[in-house]
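One chain, chain A, links the two complexes that follow: it is found with chain B in the first and with chain C in the second.
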Partner chain A sequence: MSFTERITWTSLVVLPVVALTYFTVVLTRLADAPVDEVSWIVPMIWAIGTVIVGMIAGAIAQAIAATIASGGEEPDTEGDVRDKEIDRIGEYAARHVTSLGCMAVIVLAMLRADHFWIANGVFLAGLVGGVVSGIVKIRAYRRGF
Partner chain B sequence: MGKKKTPNCDEEWASMSRDEVYNWIFALVSLVSTITYLAILVPRKIGAPASEVSYVAPLLWVFGCGMVVGFGTALAVRLAAPKDSKVRDERDKEIELIGQYVGSGFVTIGAMAALVLSILEVDHFWVSNSLFVGFLFAAVLSSFAKAAAYRGEYPEI
Partner chain C sequence: MGRPTRVTNAIRQLRFAAGEMTQADLADRVGVTRQTIIAIEHGRYSPTLEMAFQIARVFEVPLDDAFQYPTTEEL
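After this line comes the complex of A and B, so read on.
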């Protein structure tokens, strides 16, 4: 398994876990209070921070594991042509998902919906895009493309 | 688009795959749309508070007209194209991926800006427009990157 494939797996663990936790917290709050009183900003900043830290920690852990496994040799973190091709295919799929989500958000913004819905719409679109990209990439790694 | 009767242009036309012609249409439509939208929006914004600028109608018009003109022209090309013209091959697919990859940065920037703006509870004018202008810039950049890639200048990514 190449280093970039391992990173893709890391994102498929980090993103769904963060998304589930975040939306559980926020939707529980939303059930108890009107939209404009729900405090979602701090959880969202935590969620974004967790994704960033989780991905970096994951990459470092993978790099250390790969170095130990190969007996001290530095792992190839750049990836080869195939890794790049798969990356493009994954990003291409993600872009379509995220773009559709963002178009829905533009409609919400034009209707002057509460900022809660707009921010969470963008956030959801980004998270779903990230997960879709991960799934498409893993499919491409495992089954070819 | 290959309308001139010179043999050179006909050869050019014949050497283009339909995807490349579609891409040129998309490139021109997205460029004209972006310029038109900004030309309407910027004067309206100057001197008016964001909450009073009416941008919804221009946004919908630019989007709608872009779609109709783009798909209309593409359909016309489809009907006018020689029967044996190339449709799509591996190279077209590869260029499509590269083009989208190049442009997607702007969608991401627009979305991240919209997220930050709505966290700061900035007026909806800015939120809508950061997203929409992000889309427009992405469309322009990716279609011109694709046009360049067709002519042999693959961007380094």
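After this line comes the complex of A and C, so read on.
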């Protein structure tokens, strides 16, 4: 398994875990209070920070593991031409998902929806796009393209 | 699911004929990862034209000896 594929697997762990945790917290609060009284900003900042830190920590851990596995040689963290092609394929797939999500958020803004729905709509679109990208990449790695 | 590429190759045979060259050794010579060579041999990745030429050059064979594409009748 190449380093870039391992990073993709890391994203497929981090993103769903963060999404599940965040939306569990926020939707629980939404069930108990009107939408304009739900405290979502701090949880979202934590969620975004956790994704960033989680991906960086995952990359560092993978690099250390790869260095140990190669007997001390510096691992190839940039990937080769195939890794770059797979990355492009994944990002292209994600772009469709996030574009649809952003269109939905635009509609929410037109309808003057609460900031809660707009912000969480964008956040959800980004998370789903990231997961879709990861799935498409792993499929390309495992089954070819 | 069908094969993602119709390009076939004789890389595995060429490696063994070249003194049992390893996938890692071929990857180093071409400048790609071992996983990419594995994917090419298993038909899960069609290499770029440049990479195909580089692979054929490693074994000192014509491109057609390393990679094959079905004829119109075979398609």
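Keep in mind that, in the parts below, the second predicted complex is superposed on the first by the 145 of 145 C-alpha atoms of A that agree within 3 Å, B and C clash if a C-alpha of one lies under 4 Å from a C-alpha of the other, contacts with A are read in each partner's own complex, and residues count from 1 in each chain.
Here is the rule we use: a contact is a pair of C-beta atoms (placed from the backbone, for glycine too) under 8 Å apart; a residue touches a chain by one contact, two chains touch by 3 or more.
Everything numeric in this text was worked out from a predicted model, so none of it was measured.
Participant: Just to be sure I read the superposition right, which of the two partners does A:Tyr92 touch: chain B = first, chain C = second, or both, or neither?
Facilitator: In the superposed model, A:Tyr92 contacts chain B only, not chain C.
Participant: On the A-aligned overlay, A:Gly144 touches which partner chain: chain B = first, chain C = second, or both, or neither?
Facilitator: Touch status of A:Gly144: second partner only.
Participant: Which holds for A:Ser2: it touches chain B only (first), chain C only (second), both, or neither?
Facilitator: second
Participant: In this superposed model, does chain C or chain B come into contact with more residues of chain A?
Facilitator: Between chain B and chain C, B touches the greater number of residues in chain A.
Participant: Looking at the overlay, does A:Val122 come into contact with chain B only (first), chain C only (second), both, or neither?
Facilitator: first
Participant: May I ask you to decide whether A:Val81 touches chain B, chain C, both, or neither, giving the answer as first, second, both or neither?
Facilitator: second
Participant: Where on chain B is chain A touching in the complex?
Facilitator: Listed in rising order, the residues of chain B that touch chain A are 56, 59, 96-98, 100-101, 104, 107-108, 110-111, 114-115, 118-119, 121, 124, 127-128, 131-132, 134-135, 157.
Participant: Could you list, by residue number, the parts of chain A that touch chain C in their complex?
Facilitator: 1-2, 5, 76, 79-83, 141-145
Participant: Touching residues of chain C toward chain A in the complex: what are they?
Facilitator: Chain C reaches chain A through residues 1, 3-5, 31-33, 35-36, 39, 42-45, 47-48, 51.
Participant: Note which residues of chain A are touching chain B in the complex, please.
Facilitator: So the residues of chain A in touch with chain B come to 41, 44, 84, 88-89, 91-92, 95, 98-99, 102-103, 105-106, 109-110, 112, 115, 118-119, 122-123, 125-126.
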